[in-house]
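Chains: A, B, C and D, in written order; residue numbering restarts at 1 for each.
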Amino acid sequence: MIQKVLVANRGEIAVRVMRTCREMGIRSVAVYSDADRTAMHVRYADEAVHIGAAPSRESYLNIDRIIDAAKQTQADAIHPGYGFLSENAVFAERCETEGIIFIGPDAYAINTMGDKISARKMMNAAGVPIVPGTVSPIDDEQEAIVKINEIGLPVMIKASAGGGGKGMRLVRSEHDILSAIRSARSEALNAFGNGSVYIEKYIQSPHHIEFQILADNFGNCLHLFERECSVQRRHQKVVEERPSPVMTPEVRLEMGLHAVNAAKAVNYSGAGTIEFVVDDNLNYYFLEMNTRLQVEHPITERVVGVDLVREQINIANNLPLSFRQEDLKQHGHSIECRIYAEDPDNNFMPSPGLIKHITKPQGLGMRTDGYVYEGYEIPMEYDPMISKLIVWAADRSEAISRMQRALYEYKITGVKTSIRFLEKVMQHPAFKLGKYNTTFIEQYADELFAGEECNSDCQDMAVIAAFLTYQQKLIEAQPPKHGGQMTNNWKAYGRRRIKIRI
Amino acid sequence: MIQKVLVANRGEIAVRVMRTCREMGIRSVAVYSDADRTAMHVRYADEAVHIGAAPSRESYLNIDRIIDAAKQTQADAIHPGYGFLSENAVFAERCETEGIIFIGPDAYAINTMGDKISARKMMNAAGVPIVPGTVSPIDDEQEAIVKINEIGLPVMIKASAGGGGKGMRLVRSEHDILSAIRSARSEALNAFGNGSVYIEKYIQSPHHIEFQILADNFGNCLHLFERECSVQRRHQKVVEERPSPVMTPEVRLEMGLHAVNAAKAVNYSGAGTIEFVVDDNLNYYFLEMNTRLQVEHPITERVVGVDLVREQINIANNLPLSFRQEDLKQHGHSIECRIYAEDPDNNFMPSPGLIKHITKPQGLGMRTDGYVYEGYEIPMEYDPMISKLIVWAADRSEAISRMQRALYEYKITGVKTSIRFLEKVMQHPAFKLGKYNTTFIEQYADELFAGEECNSDCQDMAVIAAFLTYQQKLIEAQPPKHGGQMTNNWKAYGRRRIKIRI
Amino acid sequence: MALEIKINDRLTSIEQISSEGSKQTFRVGGKIYDVDALMVENGVYSILYNNKSYNIEVIQGENDKDFEVNTLYNAYNIDIIDAERKYLMSRKTNDADDEANIKAPMPGKVVRVPVKTGDKIQSGDTVVVVSAMKMESEYKVKQDRLVKEVLVKEGDIVKGGQTMIVVE
Amino acid sequence: MALEIKINDRLTSIEQISSEGSKQTFRVGGKIYDVDALMVENGVYSILYNNKSYNIEVIQGENDKDFEVNTLYNAYNIDIIDAERKYLMSRKTNDADDEANIKAPMPGKVVRVPVKTGDKIQSGDTVVVVSAMKMESEYKVKQDRLVKEVLVKEGDIVKGGQTMIVVE
């Protein structure tokens, strides 16, 4: 049985994994770069090992350093979190070679699902609906034109090794076909060293709906229902909820079966996610499989009542799943909002910096998974997501009200965040009605970014608060009465509070 | 429909009620004493009204002041929370007279359940099992001796108007009977102006198990299962969990029916709790009814999936309950730990003071309902409970592990708290096995209060940290290089952090 | 004595008329406010006015007279304009009318500087590209300009508020 | 130079042997520690030693050489014993051998003072009753004593650490 887990990650997901380790009586090891000595995952872990410089390729992506750290601390397993090395087949294989348990699927599953053309082929063979298009790389440009005419415009040209929007071209008219294919191939070759592209029908204004799956090493594979992830900007998810407001019980049943079949097709082991694009008529198509834990996994945990990290560790320990598909039920509604350190009013420009003050929402139906604390300086090298806010309520409308309350209570000072923007998403009629797809933010930009004005009283309260701070600083600037320079900060703070009352 | 609620309370429960008000789009009004200007409920509310001096009888117990505040702010309803005026029939009646909705039962229910003898009579008539004993006040001392011999020693002599352990005497031997009756009567007369006492069989080492009920104004009354509250010290609950580890489905069904009958017998409206004493053989007896929200209500909310404050407000709005008994299910296991500002190693002596630093547990299955914040000074006038920590997990053993993790993460500096003590409760074999009753803390005192030692390395780390602080203060004591006295605290803090690294 | 104060683009004045403990009276512009105001957390004020409860966060800006102030939904830049400040402002205005500093609004790393001192650049031209949190931001000029000074080079780490390029 | 330091009842010494950034070497008693130690939050230190991660909170005591230090499970009283402190300690010991101050361990309100200056009291006698958070605490003497000074009266508000009664 696993005794000690090295978490090859940082930020909220590293802390989240360590929390479950602690509950299971498993010791945890953090790894950290130069930029992360003060990060929460280092403080939370039982042990911590420095693995290199701030840029990810010199630390969190450096396989040798991570394996060394695991050996040094005698960790018997590695949890990769999401991002970084979590979908790196070479890393999974290396762990195996070194006799360290990789908490995730094997290299075969990662490789097959990582290459988009091989995944499409595999899914097609397994009877899982894929977006209409080609299942082999395009070599002949004339053949491509024929294919595209068969599929019907508009289409997407996509790089097999693609990701992050690179090597992707939307084609709307026939005379753009050739230039689109050529530029997609050249971009993919530059970015991934692999110029293979394929063609997919372009689904207009799709929903993004995904299914959580769990599979053990004894052939048991089941799904934990769907997550609706259509509120996105720049292909990045912002809000997720479950159940999906557009889902029907019949389609859920069907899609769940397909998700399980997709995972079984690659002999999957562990927790994974099958992503589908879904059109307004609930036609759905396999998009890709994420062979790791997903950022938005907590909404599933909350509604199904399962700790997914605990399940991952149990599966890695070669235990059979302790429940069957028919044991799983959904209770109520859960929503997650991702809090980014960014400025929504300024094209979501990232906003690293020092957290001066933070108040997290508390009470009924609240969960926060974050990693920043007062006095912590968010480094500029990594992802801007600083916290996930997850609420639960008996139904969707109550869950939206609760999320609004949570965002109202959530205060972070020092860096700009997306909190106020998320409040506007929650207030928007299209969201409230559940009538939205991946074009939501773009479509309603005018309403979502409109500034809210406080009345003149409220403005004047701000003026008064600024004046009081100014006045207080004037008082403090005067020489102290007793020479007590060496008193502690809190005493000084207490004194100030008294002064300002006088 | 209720538009604005005045919360006639303070502390965590005031904030908790306001949270639901906010979710329901209802405005909230705080009232506060001189000691509470900086309290969280004042900051959280939409409006706040000062109602008097720090002692409760001049503020939170002053009916006139609270009614005035409600009128001044045009609040159309009052939520009393727990404690203070929550079980005061005069207050409930006064609200009615003034045309303000009292969110709770009517004066009749409060009065009947408030007087212990009338409650016993009523329950006896309704077929709810009561502790064997008398159902009328004792007048004749000789008759009392006869009764006591019938019931069998040991017995409790209890004041009808009693509470908080006052006017209560345990009688173990016959020759103590007369003196016990006389002293109980005189104490009750002094404390409550009412010398009526009655006799109950003394249940040895009982469990304290209570049922949550909800009743609307249309005759619908149902229960939300039990809570086990046997971990107590000085008759004060410390840890609650649900389901009870000793409960069986059959007994739950029976007790639930009795709880509903008990509430129906007084035409109850709103949320209430029927408390039972239960012996090791699961014989159970009605103890009392609390005609208000209970401190430990969140564990029911978590396991049954109902927001009890929302239900209270809906009932006060004269809406019928939106679910039936058969709709209610229990999911998983929930535990609450009450965090007190007190010193468990020093006879639980209260520890008011300034909160210097606080870190709340986060992540899966966590809920905290508290009201203190960094820089807040806990006043000495009120209750020492500063926070409730509620966890949920799929089963009891996972819930205990999660609570241990939560207590590990919970850090409060500045005042002494019961956190470390609660960790020892969670670790105790009798608790882990679910084999405990109300004598638990007393019985295992030696183990629960034993100090835990950290090894010498860990002690030396403390020495190093103290040295670094001392060194830093020496550096700070030197005159600053730039005359910048008027820089802000955080900048200064940032500078210090840099200095100490050098 | 009233103090001039600027909140975003609005110029107003504030005067503390009386003060007894946390109970204070202010005149802001032409309006009188009786408030109960005090700092409850480091930098956080609780203000009660007409029973309404306001929570306001004040963050010190670049100097002791600049503040960023957050109310529930708004963030304001507030400047106290005392005698010293007025003097400085009057001097500054006379200095270089059309000079503009291109500042980094956030910490980051300079990825590219496609201009050099003396370059004449056109409206829309990129003068510097800064990367933070895996995202690149391009800084462009909004009208035709002359590059007067280039203060950063590729690979430099910049702080929020640091001037990178001066144009005129 | 090594500094004497007292942790609860244990007397030891600490010496900073080297320091480079947060990487530092200390000798505590006879043992050498290579640690990576820095303050991460106000008053909270993160220390890594042999890869182990420690979080330690330091709270200033009554003066700048007294600290309350919290590790995960323990709270320690730590005193730095420098030259000044040693001198003060030696003076104090000579002062009043059997004098004892009865202090309030917490803020509260004095409910009753059943003794007066000059009273001879016996072991177990209550000298003062203080109420806080609806609970009354009685302070008793553990041996026969003489009441030397009564510094509080009924109704007084006392602070934590305030001396209420002096006995000898």
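Going forward, a contact is a pair of C-beta atoms (placed from the backbone, for glycine too) under 8 Å apart; a residue touches a chain by one contact, two chains touch by 3 or more.
Nothing here was measured: the structure is a model prediction, and the numbers come from that model.
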Shared interface partners, meaning chains that touch chain A and chain B: C, D
With centres defined as the mean of Cα atoms, the chain at greatest distance from chain A is chain D
So using the touch definition from the top, which pair is joined by more C-beta contacts, B-C or A-C? A-C
Whole-Å gap between the CA centroids of chain A and chain D: 47
What is the distance, in whole Å, between the centres of chain A and chain C, each centre taken as the mean of its C-alpha atoms? 33
In whole angstrom, the CA-centroid distance of chain C from chain D equals 46
Where in chain B do residues touch two or more other chains at once? 356, 373-375, 408, 414, 473, 486, 489-490, 493, 497
Listed in rising order, chain C residues that touch 2 or more other chains are 22, 38, 41-43, 52, 59-60, 64
Would you pull the chain A residues touching chain B in the complex into a rising list? 15-16, 19-20, 22-25, 298, 301, 305-307, 310, 331-332, 354, 356, 359-360, 362-370, 373-375, 393-394, 398, 401-402, 404-405, 408-409, 414, 473-474, 476-477, 485-486, 489-490, 493-494, 497
Chain C - residues contacting chain A, complex: 3, 5, 7, 10, 12, 14, 16, 21-22, 26, 28-29, 31, 33, 35, 37-39, 41-45, 47, 49, 52, 54, 56-60, 64-65, 67, 69-74, 76, 78, 80, 105-109, 132-135, 137, 160
List of chain A residues in touch with chain C within their complex: 341-343, 346, 349-353, 356-357, 380-384, 408, 411, 413-414, 420, 451-454, 456-473, 493, 496-497, 500-502
Under the definition above, what is the set of chain D residues touching chain A in their complex? 22, 36, 38, 40-43, 46, 48, 51-53, 55, 59-60, 64
Residues of chain A touching chain D in their complex? 29-30, 37-38, 42-49, 72-73, 373-376, 486-491
